[in-house]
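Two complexes are shown next, each including subunit A; its partner changes from subunit B in the first to subunit C in the second.
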Partner chain A sequence: MEKAFTSVSAFSKCNEGRIKMAKTVLELQQITKSFTDKTKQTEVLKGIDFSINEGEFITLLGASGCGKTTLLRIIAGLESADTGSVLLEGEDITKKEPYLRDVNMVFQNYALFPHMTVAENIGYGLKTKKVPKKEIATKVQEMLELVQLEGYEKRMPDKLSGGQRQRVAIARAMINQPKVLLLDEPLGALDLKLRRQMQLELKRLQKKLNTTFIYITHDQEEAINMSDRIAVMHDGVFEQVGTPNEIYYQPETSYVASFVGNANLYHKADAVYAVRAESVLINETECTLDAVVIEKSFAGGQLRILFALSDGQKITASRFGIDYDLKVGEQAKIGWKEDSAVRVIANEN
Partner chain B sequence: MKIKRKHSFSALLLPMYLFTILFVFLPIVYMIYISFMTRAEVWGFDTHVTLQNYMRILEPLYLDTFVRSLKLAFTTTVLVILIGYPFGYFMAKLSAKWKARMMMLMMIPFWTSSLVRLNGWVIVFQSNGVLDKILMGLGITTEPLKLLYSYPAVVFGMIYALCPFMILSVYSSVEKMDWSLLEAAVDLGANRRKAFFDITFKMTMPGLLSGVVLTFIPSMGLFFVADILGGSKVVLVGNIIQEQLTKGRNVPFAAALSVILMIMTSLIIALYRKIAGADANISGLG
Partner chain C sequence: MKKNSLLSTIYLWIVTIILYIPIILTVIYSFNDNKSPVYWTGFSMRWYEELAHDRSMKEALINSLILAFSSCGLSILIATSAALAMRKRESKWDKIITYLSTLPIMIPEIILGMVFLGVFSFMNLPFGMLTLIIAHTTFCIPYIFSMVKARLQGIGTQLEEAAYDLGARPFRVFWDVTLPSILPAILSGAILAFAMSFDDVVISIFVTGASTNTLAIKIYTKLKTGVTPEINALATVLLVVTIAVILLSEITKKKEE
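Moving on to the complex of A and B:
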């Protein structure tokens, strides 16, 4: 009794201090992983070093096939790393069986059990932990309420819409109150409108339950909207980890700059600078570069004007609206304010 | 639009309907008709309606045979499940190359007549046959086992004849498994055993059930297995029907026995449909 009491007070103390001193939940140390396919061996992860704080929303961003799913599977224990360790709240779980890890995953295709009802699906994790039936039923009800699926408990998964399935998958993972929740492109299969709505719901849930999220997405807007920090993966490592602001405005490498938000890469002497399309000025006082318009296109509420510089480099400028007073083939002067060009390490042409 | 499509399909299916009516439905009606007739002096039947044939089935001799056949079918099915399920399961998990090889091995026996193959087993099982020679040669046994013409020999023959159907049926449902479901179960805290029974086993139930139907029903009727490996010691419904048609020359009684056998198998199929129907969401996956 007394023991329980002290642990509760310790917990609330810890909560108070959360803002000042974040607690590390998950630590990845020098994770490497190769796959051997027939005779060819590919090194997918080349030493991932990273630590995540309690309650953080981390997004993994990277090109298709760069190893995002593999990394999540290593954390979940569904795949084993070649070298390196995974630490969960300080405990080394590298060799721990996946069913004993306090980590849950939301699979890309949801992987709902087709022969179980919504309630059975959601309650499965508690059932494996031998939680009394009554308690499971109560918790499942709470979860259903949280994901706004009250009344659906008896439905089978194949009688649900995509968005509903997705919510069941999230509820099924979250009911276990894992220390870390891994989400592999959970909204990837939804249409844009539903995706925007689900993003808000997910973020709300994450804040409410204060769960640590590691989230994979291909959608940069999603990453920027939802994350506390974004990790850009490239060539087997985390090339840059930072807040959405840092990643967007202070890219460290040319890969990060062009992958997130398609920044222009401007080469001058031996240096490379990232310049965002919206920062490119046209025919203003700062403009010193001679350019020719070679293409104009309208996409995503923006007009994109592609210029060719006299030395052959291509620079895109974007403007709101559907047209701009420049024709294809016309000459112009372009440039940018000094502080909107960020010098980056070149690792890509 | 749906209705229109259905119509064009039924036109295509017309030959199949005709075939079914001609070769399945009419013979059954005819058989039921004969089963109510009286036996003729020499061969065939007299058109004299009677219930005598059905009354005769209630005699202990025939009733016992039905019970024995059911027992044998049951034993066979249980053993076929125990052998066939793991076999089919592991076969489905092999690499594509080995799958093809195993499939080949399973198919080769079907290239020869099952009668020939069963007679092969006679050579193996008979007193001082291949099996006895090997066992005695190795010093495991000292006397011939007298395996031929025994109940175990018949069970063996049934398993031998019917196991491939179970294996293939389980194989095809395990093949269709979405293994990420198993990973999801493990991720949610199920150890591998629990994950197997909660997910894989439940989801391959349709395959297992159709394997059961494919085993249980034929094992009540495979009279030649009992004939060849059981001699006169093991008599099944199938044997009696065959005997009544040939030696007994009692066509109406053979028809009545067949009708009862058919009703029994239909009941089993109905039961299967009911179980499979209750799990419609599982079979719907396939």
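Moving on to the complex of A and C:
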């Protein structure tokens, strides 16, 4: 009896979670891609295997040049993979033309059609599918409401602010109810405040429509804020795929540790440990390492204190507030609790 | 500093006056009641009336318009498709082709005229409207080609990709997105080409037949028998048309920006 009860509660727990049913919507199998320049051949994607569940918010996180945009373009059909296949709801769409794929993309610089009004832009995807005009008008109105742009239908894109253009671009893609929505750094051109606001709005929209999102960014805060799962990309491979928690607290490689939240990499013997700056303790009982303060700086609401250990390694500790009771040049003991150091595979250059 | 700016102002005025006095005089004397280009005897529209009744002039004007419109139309087709085709492919020849295709602007007209004459004689083409159109199309293409090519480079491919992504098939993408994007460039190139064709004398003289006169040729040949005020009147009309066309081109360019 008790057992049955547990399984029911486990089921309902799963149901209220973000992933309603783990139905695979998109599957990437062994995707590779190289670009040939005059002088050399660059391998941009080195065998990507990945599957995405319906309604998931997936972020591809990586520095520029890691191949994330290429991967997105391959899913959209704007680029073709050298090898491997793309499956959309089980159907192989690797060779399908972009205009026949049930995925849509929000481009980095919005790519709104400058000679069309807001309404014409948003309705374009339906127009190409020969949806009756009346129906288009109704749906456009719904989308405008959804992205809070009522009354803007007759405006031209160049008469809109960056944030408004962004909303039009999102509405234009979403109106087609794609199986997967691809977003290529959609907030990259906005200022910080607007970006934060749009992050929340996008997340709200995604939940409301239960659309699968594949989101590209190089901003780890954005990734952590919005995603169900994050795939950290580096040099054409997925370094680690996991929930924001896993990526942040259990990085598998030193690259992930340092890229997501700038963790300290502490080398001891042959091993490398990732220690987050906020986990570094100063002058407490656990502290066993001799260190000298070499720099203090204030950024993002936090004071970052840079220590040099006696063997030359540098460790950053962060504290809330704008100053700390240690001067540059002063000696201190630092350390961390054992469980806040995560052993990682060293692959940072 | 102030003196300097005063000097440069005076200099600019002198240049402008020197440039425009002949034009202004031509316009003024087109309204002169006297046949002489020296004495002013009163305002009159008689030369315009005479011009309007001159049948050979009318014929020449119609020829000029047919020629300018058809060579412009042909160049739009050829130049635009060439620019579009070159965008799709990346080849080391592209630079050379681009350079070669803009060359007709730089080659002296007299040489072009001789070349056309040679080619058309070799091909045994009857000299007349056909040869005129071929020749004019050739020198009109570079104007449109270079403008459209620059515009295509400017717009990039993202808009078209967005259209593909939204379900538009290739022809639809061209019609809905590519063409509207390059239309201002096509138009301003075509207007320039039109003006070039309309006032061309040198090349036209080489390739026209005995019975086909364009307006520009007509004026040139009339000069041999002495300048009549009728020519002044015609020049004024052409001037107005040309300025209007160029203004139109500038306006479309502005709109494009």
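Keep this in mind: the second predicted complex is superposed on the first by the 327 of 349 C-alpha atoms of A that agree within 3 Å, B and C clash if a C-alpha of one lies under 4 Å from a C-alpha of the other, contacts with A are read in each partner's own complex, and residues count from 1 in each chain.
The criterion applied here is as follows: a residue touches a chain if its C-beta (ideal position, glycine included) is under 8 Å from a C-beta of that chain, and two chains touch if they have at least 3 such contacts.
What you see is a predicted model, and the numbers here were worked out from it, not measured in a lab.
Placing subunit B and subunit C on a common subunit A by superposition gives a clash between them.
Of the two partner chains, neither subunit B nor subunit C is touched by A:R195.
By the touch criterion stated above, A:M156 is placed in contact with subunit B alone, subunit C being left untouched. Once the two complexes are laid over each other on the shared chain, residue contacts for A:T128 go to subunit B and to subunit C alike. Within the superposed three-chain model, A:P98 lies in touch with subunit B and with subunit C [touch as defined at top].
Touching of subunit A by both subunit B and subunit C, each in its own complex, is seen for residues 76, 78, 97-100, 104-105, 107, 109, 111-115, 124-125, 128-129, 172-173, 176.
The touching residues of subunit B, counted against subunit A in their complex, run 178, 180-181, 183-192, 194-195, 198-199, 202-203, 279, 281-282, 284-285.
Of all residues in subunit C, those touching subunit A in their complex are 158-159, 161-169, 172, 176-177, 180-181. On subunit A, the positions that touch subunit C within their shared complex are 76-78, 97-100, 103-105, 107, 109, 111-115, 124-125, 128-129, 172-173, 176. Interface residues of subunit A, counted against subunit B in their complex, comprise 76, 78, 97-100, 104-105, 107, 109, 111-115, 124-125, 128-129, 156, 158, 172-173, 176.
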